[in-house]
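Shared chain: subunit A. Partners: subunit B in the first complex, subunit C in the second.
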Partner chain A sequence: MYEVRFHGRGGQGAVMAAQSLADAAFIEGNYAVAFPYFGAERRGAPVLAFARVDANKIYRKTQIYKPDYVIVLDDKLIDLINVAEGLSKDGMAILNSTKKPEEIQLENEVRTATVDATTIALDVLGVPITNSVMLGAFAKATGLVKIESIEKGIMDIFGARIGERIAKKNAKAARTAYERTAIGTCKGGRIFKKEKKWLPTYKELPLGLATRAMKTDAGLVGPGSFVENKTGSWRTFKPIIDKEKCIECLFCWFYCPEGCISRTSNGLKIDYDYCKGCGICANECPANAIEMVR
Partner chain B sequence: MSLKIKDLPEENLFTKGHTACPGCGGAIMAKIAMKVFGKNTCAYFPANCLLVFGGTYPLNAFKVPYLHVLFENSAVCAAGIKRALNKLGKEDVNVVAFAGDGGTADIGIQALSGAAERNEDIIYICYDNEAYMNTGIQRSGSTPFGAWTTTTPVGSKIAGKERFKKDVPRIMIAHDVPYVATASISYPLDLLKKLEKVKNMKGFRYLQIFAPCPTGWRLDPSKTVEIGKLAVESGMWTLYEFENGKMTINKKPKMIPVREYLKPQGRFRHLTDEQIDILQELVKKKWERDLAMAESTH
Partner chain C sequence: MMRMVTGNYAVAYGALLSRVDLIAAYPITPQTFIVEHASEFVNDGLLDAEFMRVESEHSAMSACVAASATGVRAFTATASQGLALMHEVLFIAGAGHLPIVMPVVNRTVASPIGIWAEHNDTMPQRDTGWMQVYCEDNQEVLDMVIQAYKIAENKKVLLPIMVNLDAFILSHTVEPVNFPEQSKVDKFLPRYKPEHVHLSPDDPMTVGSFAPPEYIQEVRYQTEESMLNAKKVIQEVNDEFAKMFGRNYHGMVEEYRTEGADAILVTIGTVTSTAREVIDEYRAKGKKVGLVKLRFFRPFPIEQFIDIAKRTKAIGVYDRSISFGSGGPSFIEVKSAIYGHTSIPMINFLAGLGGRDVMSDDIELMLDKTLEAAKTGKVEKDVVWIGTRGVTP
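Showing the complex of A and B:
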């Protein structure tokens, strides 16, 4: 049996990737299951999905805590969360990264494969959705499933969900990644901070209220505390304001769904700690003063 | 003097860091509504996206008292709180219920209708993204004809929703409440005027704000505001207000072909020419009906 954990962001298709991998393994005569981790995730928030493959019937139904392989769909996630948590010593991390495996640092020294999946996805698909790409990298790095089966799995799962034309493109993206994946060993020794106490206890709360504005060891909780959640890492494209062209019409300030554009004495300023890169500001700017750059 | 964009305060009472999808129309609505209503407000939420991305315990994006109520009773909970505040002598607090279109048109409609009939002194805002987006894009009463959702899938026999959009603002007008209006996040001045009006009025006030959802509509996130404009220009969404028995159209649509509005959205990709013709005919009828009603009340 081998178990695979997918780390992605909502909207990158971690669940469809897990399903396609299971389908590919099934085509080769294995038993396979794929399932997501459910939570209140939105597009862009970190999410998990799992796949479990065995030659025999699978009776284990838990989430995967000690994976043999982890696949990371988003290049910024390895800096935010410990993606290698519980990863088997003989296992392997397959990462979306522009770096070589030797330049990556994870919790432990493990075999690592890297591929610049975002660039491949933008080239082949036109959108930064890296699920199919990473499956190609998985086939190359592990040799556990043939790339032909992966392509078939993508055609099955993607074809049923979003149509054959786009499925074909995704199969091509997987093949491209298969040819470009670098395999090596990463550095170990990366330390992730332990999570601090986040929830207040019932003794700290006034009667009849869930949370008032207060601070725990982990930071603010209660009204207005979402500022603790820096959403800037969700972004693929970044808006840049050209001060020369800006006419301060305030449309971007009005329309920004994050409210991360502020008026200052020195013109409008974007808070990149929070900007999710939706591009509404650039699209609505009447003076074309905002440009989205990678 | 009506409110201008530049008059809005800098401080966001709906803070950044919330977990809405990039390009969320609902988040724009919440941010602007809170800027207008100000600190002296308390907010009530049935289950909806805004509740989840705006307040995942113990984090919370709202800087005002905030309560999650059940899906079916947002209007009546807000009404109860308003009465309690009145008893405490805090009569100037704005009590606002923020519900989605599912919580308004389907699940919440009996409490909404009851509160409207009693003319409770609350503001009820329905942000309309035309499906149950929070649970993963299921059809609601407010989903338009032909739209794909996970419960109106596209197959060989049925393609998208078969029924037309439920016209909740007209249902509210039938209650003869002091104020009913439709608005859109894509028309800032009209939106600000209406938000300011509901803030300063008494009695039951209903505002339905068109808030596109790029995730559920299969739309590029940067086009959220643009698609809102196309909705109004094509007549899919009419901006009007109903005040003291008189209905006024705020923006006369150019009636561009409805095809232009459908094109950028993946949820309408499967529509046949025949279905588009049905929708075009419906849009025309809806506009004529709205116009006739506006004329008959003056």
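Showing the complex of A and C:
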């Protein structure tokens, strides 16, 4: 049996990637499962998905803590979280990165594959969604599944969800990544601050979870705690407002899911600490005054 | 002061004496008069409360949840389908530790549509984090509304509670009820001053938020601990009430003539009263039978039943509802409570479903069968349907 953990962000399709990989393995005669872990998800938040493959029926129903492979869909995640946590010594990290494997530093020295998935996705699909791309890289880096099976898996899973035309493009993106993936070994020794979690006993936990603003080991909880959660780090594209074109209709202010647009005496202002780059504002602007810049 | 009142009036007057701050209720037979009386009290200036007319029971409970979360004393009442409609919001009040008091006039849940007494409205709500007490007469109804607030608001408990009364048999029956003086009730039940949840712009809180699995199991344990704490608090409140008002309900269960009983019948709700008479007749004939009135269903009086089971030879349990495919809820609970402590035979009696009258004859049959089991140490049938055409009891 081998176990794969996918790291991505809400909207990047980590779940569909895990499903497509499982489907590809199934096509080759294996038993395979794929499943998500959903937290307080929304577009842009870090998410996990998992896949398990074996020759026989799989009974284990837990999440994966000691993966054989990790696949990271978002290039910025490796600087924020320890994506290699629990990764087996003989395992492999498959990363979306413009760097060569040797230039990457993770917790331990492990076999590493890299591919500039964001660029491939933008070229082939026109959007920075890297799930299918990373599957091509996985096929190349591990040899565990044939690229043809990956393409078939993508056609099955993506085809059913978003239609055959776009599924084909995704299969092509996977194939492109397959051809461009670099394989090597990363540097080890990177120290990650252990993510602190607030894990109170039932007695310490506010009764019924009615929570006043308070400081915990893991930061603020309760009303106003979001000031610490800077969603700006999620951003690939940055919205820029052209003041000349803006008619101050406030559509963008209304639609921004993060509430980070405000009106000032000097026109509209975006708080880039919290802007996650979703592009909704640009999409809604009737004056075409917002451009999304990488 | 003694007055001739219905169970519904007793409920409404209990709310008045408890000085509730918010009433949000939707009328449903046979609870309607509770809402009417309460609205009159507010209209006539007898009760200084906000009376909220809502569009459904779901909204009534939602309003109570919100009001209670601002730290005021919230009140509603319902029955049957109305309670079923509240179901999802009941969990929010339970896990949210909101000490709402809700009398429920126990009425059969459709289908078929019926308006008479059955406990299949409240029994399915047993896992929502609400305490439940079942009453026998109108005096107990009034007294328990007052006691309910005191139990619910206790800092070691902080859980909502249902005060249950059988449709028509109590809700629409007039009988003499002693009305306690307001000043005495005020002394017994001071104003509610919550610290754990108190929504106010001056003291912001997050209430009812999202929580990942890292927290929810602890929240569940909090409810469980409160339920377990309630067992002691129920007894303390009972005793304090008895001292102040001279009426003692004996806490979670009341034992009636159980000394040296070979067979004990457990009853819930109003059937208890008729059963008292039959027990007296049997005792007069020298038959060793006793009665246990099951008052609190949540928390369940596990320790009390272990003790009772050790003192008798057979237990019969009467239920006014059934968990299909298993048995009556009280039977299931009593059986599970005494498991491992004794191996005496137990029988479940189902009667009075849909509001059919439970007669003295029916109770005699229950006692005879339990006595027989006490003698032989065996039971023929675990679950006995009484008075069901085509079914041999």
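In this section, the second predicted complex is superposed on the first by the 234 of 294 C-alpha atoms of A that agree within 3 Å, B and C clash if a C-alpha of one lies under 4 Å from a C-alpha of the other, contacts with A are read in each partner's own complex, and residues count from 1 in each chain.
Throughout what follows, contacts are C-beta pairs under 8 Å (C-beta built on N, C-alpha and C of every residue); 3 or more make two chains touch, one makes a residue touch a chain.
Predicted model, so just to flag it, every value in this text is computed and none were measured.
Novice: Examine A:211 and indicate which partner it touches, taking first as subunit B and second as subunit C; both and neither are also allowed.
Specialist: In the superposition, A:211 contacts both subunit B and subunit C.
Novice: With the two complexes superposed on chain A, say which partner A:278 touches: subunit B (first), subunit C (second), both, or neither.
Specialist: first
Novice: So, A:234: does it touch subunit B (first), subunit C (second), both, or neither?
Specialist: After superposing on A, A:234 lies in contact with subunit B but is clear of subunit C.
Novice: Looking at A:200 after the superposition, I want to know if it touches subunit B, subunit C, both of them or none. Which is it: first, second, both, neither?
Specialist: So A:200 meets both subunit B and subunit C here.
Novice: Which holds for A:223: it touches subunit B only (first), subunit C only (second), both, or neither?
Specialist: In the superposition, A:223 touches subunit B and subunit C alike.
Novice: Examine A:267 and indicate which partner it touches, taking first as subunit B and second as subunit C; both and neither are also allowed.
Specialist: Touch status of A:267: no partner.
Novice: Contacts for A:188 in the overlay, against subunit B (first) and subunit C (second): which applies, first, second, both or neither?
Specialist: neither
Novice: Of the two partners subunit B and subunit C, which one touches more residues belonging to subunit A?
Specialist: B
Novice: Using the superposition on A, tell me which residues of subunit A are in contact with subunit B and, in the other complex, with subunit C.
Specialist: 40, 199-200, 210-211, 213, 222-224
Novice: List the residues on subunit A that touch subunit B in their complex, please.
Specialist: 10-11, 40-45, 198-200, 210-211, 213, 216, 221-231, 234-235, 250-251, 253-260, 262-263, 271, 274, 276-280, 282-284, 292
Novice: In the complex, go through subunit C and note every residue touching subunit A.
Specialist: Within the complex, subunit C touches subunit A at residues 69, 95-98, 158, 196-197, 203-212, 214-215, 218-219, 221-222, 225.
Novice: Would you tell me which residues of subunit A are touching subunit C in their complex?
Specialist: 39-40, 197, 199-202, 205-213, 222-224
Novice: Hey, which residues of subunit B end up touching subunit A in the complex?
Specialist: Residue list for subunit B touching subunit A: 5-6, 8, 10, 12-25, 27-28, 31-32, 49, 52-66, 185, 188, 214-215, 220-226.
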